[in-house]
Amino acid sequence: MTHHFPALLIIVPLLSALIVSAMGWINRRWCFPLAVAALSGALAISVGLLTQVMATGPIAYKMAGWSPPIGITYVIDYLNAPILVVILAVALLNLIAAKTWIEKDFSEKIGAYLALYLLFLSGMVGIVSTGDAFNLYVLLEIGSLTGYALIGLGKERAPLSSLNYLFMGTIGASFYLLGIGYIYIATGTLNMADIASMIPQLAESSTLFLALIICMAGLFVKMALFPMHGWLPNAYSNAPSASAGLIAPLTTKVMIYAMVRLGLTVFTPQFTFSRGMLSEAIVWVAVAAIIAGSLLALMQRRLSRMLTYIIVAEVGYMVGGFWLGNEAGVTGATLHIINDAAMTLTLFLAVSAITWKLGSDKFEDLQGLFGKMPFTMMGFVIAALAVIGIPPTCGFFSKWYLITAGINAGQWAFVGALLFSSLTNAVLFFRIFEIAFFEPFATGHGHHDHGPTFSEAPLTMVVPLIVAAISLIALGLYSGDIVTKLIQLAIPAGIA
Amino acid sequence: MRLLALIAVILTGGLIIFQTGAFPDFGDANAPANTYLSTYYLEHGQADTHAPNIVTSVLADYRGYDTMFETTVVFAAGLACFFLLRRKKVPGGEPRIYRHMPTGITLRIADGGKLPAEDSEVFRRLDTEFVPQQLIIKNTCRIVIPFIQIFALYVIAHGHYSPGGGFQGGVLLAASIILYAISHDLRRAIRRFSEKTAALMGSLGVLIYAGTGALCLLMGANFLNYKALAPLLGVDAVMARSHGILIVEIGVAFAVMAMIIWIYYNLSSAGKHDEGL
Amino acid sequence: MELLYSIKPLAAILVSFFVVPIIFSSKSENVREAWTFLAALLKFAIVLSMLPFVLKGGQIAYSLVEVLPGVAIAFKVDAFGMLFALVSSSLWIVTSMYSIGYMRSLKEHGQTRYYACFALSLSATLGVAFAGNLFTLYLFYEMLSFATYPLVTHHQDKEARSSGRKYLTYILGASIGLVLPAMLIIYTQTGTFEFAPQGFMNGAFSKEATTVLLLMFVFGFAKAGLMPFHSWLPAAMVAPTPVSALLHAVAVVKVGVFCVARVITSVFGTKMLATMGLGTIVCYVASFTIIVSSFIALSQDGLKRRLAFSTIGQLAYIILGIALLSPSGMTGGMLHIAMHAFGKITLFFCAGAIFAASGIKNISEMVGIGRRMPFTMTAFLLGSLSVIGLPPLGGFISKWHLVIGTIESGQIFFLFVLLASSLLNAAYFLPISYKAFFCTDEEAMFEKKVDEVPTWCLVPLCITATCSVIFFFYPQPFLQLAKMTVATIIGAPMP
Amino acid sequence: MTDLLPLMAAKYNYWIYTILMMTGLYAMIAKNNLVKKIIGMNIFQTAIILFYVSIAYKTGGTLPIIMEGGHGGGHGAINAADYINPLPHTLMLTAIVVSVATMGVALALAIKVYRQYGTLEEDDINHQIRTQAGQ
Amino acid sequence: MIPIDLAILTLVTISGIGALAIKDLLGAAIVFSAYSFLMCLAWAIMGAVDVAFTEAAVGAGVSTIFCVAAVFHTTRRTKD
């Protein structure tokens, strides 16, 4: 059975989504345990795949038994195996943490909600593991469509935000589809490895170059690269808490994975980075994204909105790092996909726990939170340190590679932007710590503990949060292994 | 903003039109797109799957995995519309209008009033916006709908040989129900084809597709490799593929039909499931 | 040189780390404080157990996971690290003792958090002491910044908030803005962070680039308090006194100078700096800090603030000594880490004791306090004599070496700086003791009734004062460790 | 003129697809009404489908439904150049389905938006949001 | 002579722009339906019968119904 793992990875969430959806009409109590079981199963499979890849190298799985390029192939290699594990772990942790939210917000529609959740996940997992350019589009749409629904039932402006997200998402996906058409017109094939093998003969093809630009433009819209980021803050901050913790860590990161995959595996680095102008222009856009994201984050007065702008800046990190086009940059971007997913998850889990207890995440309501919710705040602090980039949390290491890449490439603006964003993040988070730690102000010396009383969020929320926070440190400590045993093997030859 | 958009759009368009110069001509049989991969499908498609309609064989077999997710997209859209729109209880509900059938008197029952039973034959619920009697429409539709449905079944079953297949057939089946809902009223359509049926049938449809694939997996072949079904179906490998295509097409039809109907229910009544178009 | 692989350095670091959850979960105060003591003693024992081996000229190494290509989280115990570890782990014991007395007598809130953060800070400090490469050093340096923040802002009032803000802005801003880029540049050029006795830069940079990098490190480790990156230190005086003691004597500022010393000796290499003539630049910066801070200290009336400015000056001594790049200068600088630690901690304990007993913070209100608190003020006198550098106290030994160092390196200017600042030290310390003991009855603000602080406070300050005296007569093992370090650096045979 | 006509004939489809796509894109960016935007979105998507279908066309080719040969036969007897490329057709079936699914969800969201704000005009909605935030 | 596919494509463009220009959402939905139907004709001419069939059922049929349903529940009026 182990050699069917790549297929099972998708089938398990897909089939369980169908069953959960049906269960929603038959017996609602079974939905949640089923979803958790399915995700745990998928997580176990992805871990199995990771060990398999590490032991024996990349695995190709022929769907329907047709060998490439005739059929669709799934390829699990050094690049996507760790990302798969992260995606499923994020989804599982968030699902457990969101239990109370789901029961509160969607008790009647729990079947539909969980089915959408699992479908979203199968889309994400599919995008990451597919070896077929068009299949990626279909899965992209699954992920997006379910994402719109998961966001749309949120608070306040959620429907409008979700609709805007839908428009932008559709533009992005359609551009990607168009780009695939251009690739197809130039090469006649859709299989990623097959396209890559034809690229050297077509190195001068302007059609292919336009295909690259169109595909990337589409993905940039979907990953909310500045200045196409407008939809993201509204969509993520208005999303229901249960969905925000799933969508915020995964969507942008998976899109960045798609960018890396296209750039490295489909177009091959020689072609992707062959036009210096393009690379440089994108790096400058990324620099603008980092600075704009950081500055906009400073202007926010709500925790979740602040985090969404940090995501905008983080997207700039990864895009910029990748388009620097050197080994450290690609390594850093790929490592940051993993790290940022974990960091964002932790932050959003903390926000969800805070919102659960306080009913709001406005800065002024956070007073005395260290006393009230010490464990939640501990997780939040660790995640904040990771975002700022303090060792030994994982955020430090990916930022390290990215800055090294900037220095190697002589792209000092990028280096400066990264350092600037680190400092801004420090300001952002310490502002919150100060509010949560100091206010309401103590009245003077010589008094006993009379701070805010301890009232922590439910255990199902706090435990996943703590697990995620610890994983940030673990990822940091093992980032050397991740890089040398996985990511560096994934980078094809031909990168400076 | 508009000007900016216009400029951006014209620039992008100009770039793309300019680029078409590098394309192979329209209808060029020797373009790379038309010579490389597609040749295999055209030359081996019928031999591999016993389906003369190569589109069907590519759709449901060579790239059957795509199609499974295509079905899933529809399923997801159905779930999404339900999830977004469906409201069980309407706060501050509107008044309802009933007709007492024996006498033909119409009653307006304000919110909170005592309502007749849902399936009462004596009182029939009317839409709030007055719609005159549509005898011709109703009777025409009543006659046409069975034919639409038979045609839909033909489209599904004959997908191997002619244009069509599970998706088109499913849409036609859905269209017949939607036609019923429009020509009569939504409540009666829902009574015939309830929300729960739609939901379960949609799941079932995708389940047929994915389940067939999983069954192949259990038989030891790769996912969706219908060849593995040969021992179960008692035919050779090529026919097994052909049958496999039919099975998944039926699954697609189920899912698409149920989901399109469900989306229509939710959209046309804004999630209340009481009054349609 | 013998190299031993052992988990002991890691154990020494983690002892106080693991005690944190226990402190958090303790039900009663006594249990909590007992655990703190246990950890402190255990930590000291582990450090001590490594001492004989290090004194024999061996090194103890342990490396954890490799986090970046060629860079692991690695620990290496050499003579210099041992010196610092000995100071900090031994002083943690007395500080814990003092904390108990101080915090209980003032009935401070949030004591659990206080002890937990204290333990964490010590973990970070030992991590810095035992760091085997620049990365590990930086890691624990940052960890210390965060662990001490809740301590500095312990009172959680508006003043604490603004001070905490200042503290973090300086420390974190400098380390992210200066140290991190410097590290990155070095890493991209050399590909390693491993400390080496003669540095690992090996001429990878031009003189100009080296100068910039050196200054980035020297100022970037803002905990060392070199001007103009010093103003967090007086601000951090809002913290409870044991924290100030910890900050000044045990952990924070000493970590800063330790890092600067490490970087100068093991990253840049003294030979390279000497040939490029870069030591002198640092010397001038340090001299400036010494003189200016001494003058500012003269004008301060708050006892703790005066001590803070004194600390800034004394730290600059250490950096000056290291940057002289002469054997005696470096020995003196390293020795001063220990000697100043014992002297200054005594002074802070005394300041805290005065505050706890009488609520007085300003020097002008302390006339005649020696009558009421004779033990405390005697200890204060000893501490200040040690800091000034007069025999028979430990401070004399280190200053002596520093003075020799200036002559050795032929930079007589710095000799005068040292002498002038010693005079200034005397000028701002001795009047306090004088006024405390010798004043007319009319001037005295206190009666002749002896009313000392609780024993928990008094005993530690007496211990440290006594230690200061003892170290004059018996400066081992600190002197030997410092000499061994210098010997390794300049490549001379072991003493 | 002599050059233009063959060029037009050769690329007309691609030009039309571009015009349609840009029309749709413009509507999505610049139109004020949400339903108009949704229609624009659909035009945008169908334009791309037109592009794919144009790729597949072969002058003189017939429908990709194999007429000669029976079960197992016809191997080698089929001349691929006689048939229109079926692969883009397959892909576009999926794309059409995706577009209708997207449209359904978009309309559902539009109904929700209307329920909340009582209008489909984007500037009115933004105005409402701003005034709410101002209070 | 103008080839029929070019003529239909021109009509497609006109109806597409028309659907976006009409200041009545119900009208826009119907013109959009015409657009879809014309598009489906164009595809049928280009030999994409399966795609054309689907577009006829989906684009001209179901999409229009969805659109009309949505307009029915919101409003017909629009400013552009």
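Order as written gives the chain letters A, B, C, D and E; numbering starts at 1 within each chain.
As a working rule, a contact is a pair of C-beta atoms (placed from the backbone, for glycine too) under 8 Å apart; a residue touches a chain by one contact, two chains touch by 3 or more.
On a predicted model such as this, the values are computed, not experimentally measured, just so you know.
Colleague: In contact with chain B and with chain E at once: which chains are those? Just list them.
Modeller: D
Colleague: Walk from chain C over to chain E along touching chains and report the minimum step count.
Modeller: 3
Colleague: Whose Cα centre is nearest the centre of all Cα atoms in view?
Modeller: Here the chain at the core of the arrangement is A.
Colleague: Compared with chain A, which chain's mean CA position is the farthest off?
Modeller: The most distant chain relative to chain A turns out to be C.
Colleague: Please identify which chain has its centre, taken as the mean of its CA atoms, farthest from the centre of chain E.
Modeller: Centre of mass proxy via C-alpha means gives C as farthest from chain E.
Colleague: Centre to centre, by mean C-alpha position, how many angstrom separate chain B and chain C?
Modeller: For chain B versus chain C, the centre distance works out to 74 Å.
Colleague: How far is the middle of chain A from the middle of chain C, if each middle is the mean of its Cα atoms, in Å?
Modeller: 43
Colleague: How many Å are there between the centre of chain C and the centre of chain D, using C-alpha atoms for each centre?
Modeller: 70
Colleague: Taking each chain's centre as the mean position of its Cα atoms, how many Å separate chain A from chain D?
Modeller: So the centroids are 29 Å from each other.
Colleague: Chain B: which residues touch two or more other chains?
Modeller: Residues 16, 23, 31, 33-35, 37-38, 41, 53, 55, 59, 63, 66, 69-70, 73, 76-77, 80, 84, 163, 167, 263, 267, 270 of chain B each touch two or more of the other chains.
Colleague: Hunt down the residues of chain C that sit against at least two other chains at once, touch-wise.
Modeller: Counting only residues that touch two or more other chains, chain C contributes none.
Colleague: What are the residues of chain E that contact at least two other chains?
Modeller: 49-50, 54, 58, 62, 66, 69-70, 73
Colleague: What are the touching chain pairs in this one?
Modeller: So, checking each combination of chains, I get A-B, A-C, A-D, B-D, B-E, D-E as the touching pairs.
Colleague: State the interface residues of chain E toward chain D in the complex, per the touch definition above.
Modeller: Residue positions touching the partner: 3, 5-6, 9-10, 12-13, 16-17, 19-20, 25, 28-29, 32, 35-36, 39, 42-43, 46-51, 54-55, 58-59, 62-63, 66-67, 69-71, 73-75, 78-80.
Colleague: Once bound in the complex, which stretches of chain D touch chain A?
Modeller: 21, 25, 28, 34, 37, 41, 44-45, 48, 51-52, 55, 87-88, 91, 94-95, 98, 101-102, 105-106, 108-110, 112-113, 116-117, 125, 129
Colleague: For chain A, which residues count as touching chain B in their complex?
Modeller: Where chain A meets chain B, its residues are 4, 7-8, 11, 14-15, 18-19, 21-22, 24-25, 61-66, 69-72, 108-109, 112-113, 115-116, 119, 122, 126, 132, 134-135, 138-139, 141-142, 145-146, 148-149, 152-153, 159, 184-190, 205-207, 210.
Colleague: Applying the document's contact rule, which stretches of chain B touch chain D when the two form their complex?
Modeller: Per the touch definition, chain B meets chain D at residues 1-2, 5-6, 8-10, 12-13, 16-17, 20-21, 23, 25-29, 31, 33-35, 37-39, 41-47, 50, 52-55, 58-59, 63, 66-67, 69-70, 73-74, 76-78, 80-81, 84-85, 161-163, 167, 238, 256, 263, 266-267, 270-271.
Colleague: What does chain B use to touch chain E in their complex?
Modeller: 53, 55-56, 59, 163-165, 167-168, 171-172, 174-175, 178, 182, 260, 263-264, 267-270, 276-277
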